[in-house]
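Two complexes, one shared chain (chain A), two partners (chain B, chain C).
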Partner chain A sequence: MTAPAASAPVGVQTSRGAPPVWWVVMKQELLELWSGGRVLNFLVLFTLLMSLTAFLLATNTELHLLDPEQTVVVALTSALTFGLFIGLAIGAESISGERERATLEPLLLTPSGNRQLVLGKFLAAMSPWPAAMALTLPYMAALSQGRQVLGEAVLWGALSGTLLAGAFVALAMMVSIWSNSSRLSLFICLLVYAASLIPAQLPTEFLASPGGVLITLLDPVESSDQLLSKVLTSGEPLSQAWPYLASPAIALALALGALFGYAAPRLRLTARG
Partner chain B sequence: MSATHDLSSLAMGRQSRAAPVWWLVFRREFVDLWTGGRVLMLLILFTAIMSVTSVLRELESQLNLIPPVEMVFLTILSSISFGLFVGLVIAADSFSGERERATLEPLLLTPARPRQIVVGKFLAALSPWPVTLLLSVPYVWVLGQGDDSIGNGLMLGALLGGLLAIAFTGLGMAVSIWSTSNRVSLFTSLLIYLVFLIPTQFPGSAQKGDLGYLVQQLNPLQASSEFLEKVLVNNRTVSEKAPYLMAAIYAAVGVLVLLFLVAAPRLRLDGEAPRLTSPGWGRSRSARVLAAPVLILLLASPQAGLATAPAMGSDSLQVSTDLAYKTVNAGDTLHFSTVVTNTGTRPTPALSVAMNIVKTGQGDPVDPEDWSPERTQQLAALAPGASAKQSWTVDAVLEGDYMVYLTAIPKPSGTDATSKPVSSPGIHLTVKAFTESNPGGVLPVAIAMPLGLGLIALVPRWRRRRRVDEPAVEP
Partner chain C sequence: MFQTRDSGADDRSQILHAEGLRKVYGARTALKNLSFSLQAGRVVGFLGPNGAGKTTSIRILTTILQPSSGHFVVDGISSDHPEEIRRRIGVLPEGLGFPRQLTGLRYLTYYGELFGRATAEARAVADQLLDEVGLKARAQSPIGSYSHGMRQRLGIARALVNDPAVVFFDEPTLGLDPRGQRELLGLIQAVARQRHKGVVLSSHLLSEIEGVCDDVVIMNAGEVVAKGSVADVIGQGGHDPIAVRVRVPVSALDTARGLIEALPSVRAAVPADDGSGWLGVQLVPENGSSDPGPRTVNRILETLIAADVPIAGVDSGANRLEDVFLRLTTETIQ
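Up next is the complex of A and B:
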């Protein structure tokens, strides 16, 4: 929200019982993110990566290396991995970017509570995820070759993806609140993102061992991948696979609690203020 | 390089034929990086990550009895992957950071040529790499349990890591030259790093097939991993796996050319991005390499022949096939049958019939699991003169020349006895390259989605440009 003018009416409208502050902040933020082209650029990159992935997966299906169910799951996990990145990058820049552009001060001077500012920005940073998920549908439809897995994949993908997107955006915003520069917040967030991808590098045998299961459950990204694989490919019922759904859900609850309960009220003009 | 007093010494250095400019830039940058604590912080992060992954690997090793040579490979691979990150982060800050701190202008005003400045900064940004390699030696030593492969592994790691460090540091620097802010350069560099890293997340079966292997060879991180594993763990020769090594070499050379011939001479105060119409840009070589196998359609009609040769002789068992040779395209499915006959006078014990597929020339060994859903069938005991027929399916995955054969294995009568397996005649299988340009009908979606969204993304830019071009309205 770089236009300081937008922050002026915030307090006025609230006092008249107009839309709440978080709504105004979100609207302004959405406008800037989407009409400014930033989210669209990210989504173009997203579709490019998805196109390459889908082509590779379709080739492997033709070679009988993967069946359509597995292909849909891999495409879905790729969409989660790429999609998270968008929310993370936007969240990481949300507050530290305002600091760098010297537009945070006018926002903080409005009579709105900091929590409302953060909520508005959080919801706006979450907005690319549904778009990314919607863009994934044509790829999954083409890859599923009419199999029933598509409907379930959309449902589970939307659920686990939303949990992950929420957790990562909240984490990125917390980092942003405590960073004086976008460079620092982006660096930390991308480091966390890269770290969350490490467990996927471990061999399947290890991930099946008790130590591997523990590591998987501690990493919400790997947990979601396992959930999708177990439910959609192996046909495991949710009563067995639920710990892998609980992991991103707990991550989201913790991240939201930390963001709105601890970090947002401490939002200051400088990160060390 | 923030100290401006060095700038005069740069000029002086050139005029008095003292140390060359790149050396002065390198020295100053080197001192800034190492004494400023930035590199040390990144190295602490490096050792922390190495320690965590080492503990995980050790746990994994104890559970699955991973051989020491594989531990050496995995540890060296981790050190390369994380080591690259250090160089990338430093390089991404090199010019955009100077711009942000307003220290680039004095540097550009010196009589030093931009390329010399870039050389100095590039060498300084590369300096953490040998240190990360040294820091990884204790991890390799402990996890490798003094294995003989440690020396070779470290040598190969130094070679591959050096090439990749050059490629990624150079890339980070080129991005930094064209970025107005650290935020953009860091983000772009890390994004590129992640794009190379993400394919390693795909399951193994998604990375096979000719296209999968091509993608592996084009991605320097994956190609280096493959090269290191095959040479170090699977005892392949360097020449045999040279195509995978070439990916790292091409990446290093390509990035150096980009950095010193394209980016460095265009180093400007404002970090303007290059135009897409500039010579050398707009036509991605790798894109063409990727597109080539998709566009080339090699039509091959399957040719089949019936088996005529009888099974290799044995005392009482004979295995025959209904196929002697066949030419197929990658992606085709082949069906054939075998008949196991008891030619003896006594009943056979229970039998297992197993299928094997061997590549007849050089190249990657066949993983039969990828090629056939069912590779072993169990048979009950056969009475004298009795036969049993089995049906088999083979999915042709990779281009090449293969021999498929079946072996009938009589069950040994006890723990202190053995039996004599009998093999069928071979089925000579010739697999031609994958020819499907629109696999699974996904191509229209794969093209239309980014294209359509790209066009939509142009709208905000077009509107902004229109707004700028519109004459200001008088109040």
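Up next is the complex of A and C:
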């Protein structure tokens, strides 16, 4: 058995001042996602949906059906829902898309290690979320009608949104690692996404029951919505509402652990290994 | 026993050594007991029909696939250290895809950075490689605007960004026109001869292997059926290698066969199975060689001309590897 040599006559050894591989991959992915127009297309769609949502909410406010605080929460939860979809779609395509384009093999042939590749792609796939959050600000500002809720909404929206975006991107990338086709990975991710939105459709009475609370806590999206509603409209302190923040935080921790601890080292040329 | 980096000057020139590589998928064995060696500056050809195990072999040797059993050593590094091996190999995979919107220069710089080069250094290497493969003028053009041949040349440049010890080319000329094929094979030969790299070239085109390779490994159904230098493998192919081929009209085939076989230096004249009118002439070996001297060929042709048999073509036997290949792969199938 031969041990790796300390110095080699050929083959590049890492140069001093060379950027880490995850940084190189992230930079490249950002370039492709943003200058390739993919993220911009998603953000245009996001803006249209947010405009429609804000218009409907403003109409409700005119009719005195909703308080400004409630409209801000609805706008924020809508932004979360639409924003998560962008990360999900990009994550679902991140690896399986490389397989489809036959560009994965040269990446796997670099000495960088799969975790670094996956980390670079993960961070790039997270990049649309801050942009979506920034685009949401003018809508929330207009809907808040000068109430103090805006500052808190930005803080809690950014926090819970980042947790959720990380969890969904990590999940989508895991699915992508084990899919040979982007359509398949996107389909599976959309099923999970749709399932996470189901609790929001359940009757309010049921959600208030112990079973409903459990379902809410198990679903990080619904949990985040509940957190925003309780903190921003009911004025509940975090000491009471924290379980609803724990859910997306745990989801993120689990998804990241599974992605980097289990899936990334098993990334292969084909989904079946 | 595998050599280590310190095991002497002779071993250092042996840049790749594989021993008993095997790959099994469930009940199917995709590769059985592949063993061979490669020296720096030489080209070894993996030859075989589709599904022979060429790509599986290359994917194992490039650490993309794990072998079910067996070992290999690249530039003194054992296959137990795949990340270190990846630093020492370059690969042009079959059907490689490219990001269409990137420029050739940016693409090569990106891969240079992935191999641990600082950005400025990666860019300088990319510039140099683009020049070497004849793409300098198109360095700033998006890859989407490149022809297939240009993309393959870019793929060769990418395989060299890390200054590898061994370079693998998997069916590199697939889909190229004859001129593109010739240019690409010239580049591949230059990688071995001028850069003194070990080159593994996989192909199912015999002319490629015969024209470019020093050594050959013939595979069929996952099994190595012959290996060695091209000349040795031709020798392994059978007792009666075809020395020269003569094509005559099909109506004159029997006459021509009789005339040629009557010559003292000829062992047999075998008609091709495809009814094309080609006669494969096998000579009686002289001093252990069955190579046709020019006079032997002249005598065959003079005999046919004297008998007024029209000669539609003469092949000096440059495709003898084809005969060996067909014989060996057919025997294995049977």
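We take it that the second predicted complex is superposed on the first by the 256 of 273 C-alpha atoms of A that agree within 3 Å, B and C clash if a C-alpha of one lies under 4 Å from a C-alpha of the other, contacts with A are read in each partner's own complex, and residues count from 1 in each chain.
Following the convention adopted for this analysis, a residue touches a chain if its C-beta (ideal position, glycine included) is under 8 Å from a C-beta of that chain, and two chains touch if they have at least 3 such contacts.
Quick caveat: nothing in here was measured; it's all calculated off a predicted structure.
Residue contacts after overlaying the shared chain place A:G36 against chain B and chain C alike.
Of the two partner chains, chain C is the only one that A:L269 touches; chain B does not reach it.
When the two structures are aligned on the shared chain, A:L88 is found in touch with neither chain B nor chain C. Of the two partner chains, chain B is the only one that A:A194 touches; chain C does not reach it.
Once the two complexes are laid over each other on the shared chain, residue contacts for A:S209 go to chain B alone; chain C is not touched.
Of the two partner chains, chain C is the only one touched by A:P106; chain B is not.
In the superposition on chain A, no contact is made by A:A167 with either chain B or chain C. Overlap of the chain B and chain C interfaces on chain A: residues 35-36.
Per the touch definition, chain A reaches chain C in the complex via residues 1-5, 8-19, 21, 24-25, 28, 32, 35-36, 101-103, 105-113, 268-269.
Chain A meets chain B in the complex at residues 35-37, 40-41, 43-45, 47-66, 70, 74, 77-78, 81-82, 85, 89, 93, 97, 100, 135, 138-139, 141-143, 145, 181-183, 186-187, 190-191, 193-195, 197-198, 200-203, 205-206, 209, 211-212, 215. Contact residues on chain B toward chain A in their complex (touch as defined above): 45, 49, 53, 56, 59-60, 63-64, 85, 89, 93, 181-183, 186-187, 190-191, 194-195, 197-198, 200-203, 205-206, 208-209, 211-212, 215, 294, 330-331, 333, 370, 395-397, 434, 436, 439-443, 445-447, 449-450, 453-454, 456-457, 460-461, 463. Taken in their complex, chain C has these residues touching chain A: 2-5, 59, 62-65, 73, 75-78, 80-81, 83-84, 86-89, 91, 93, 95-99, 101-102, 110-119, 121, 158, 161-165.
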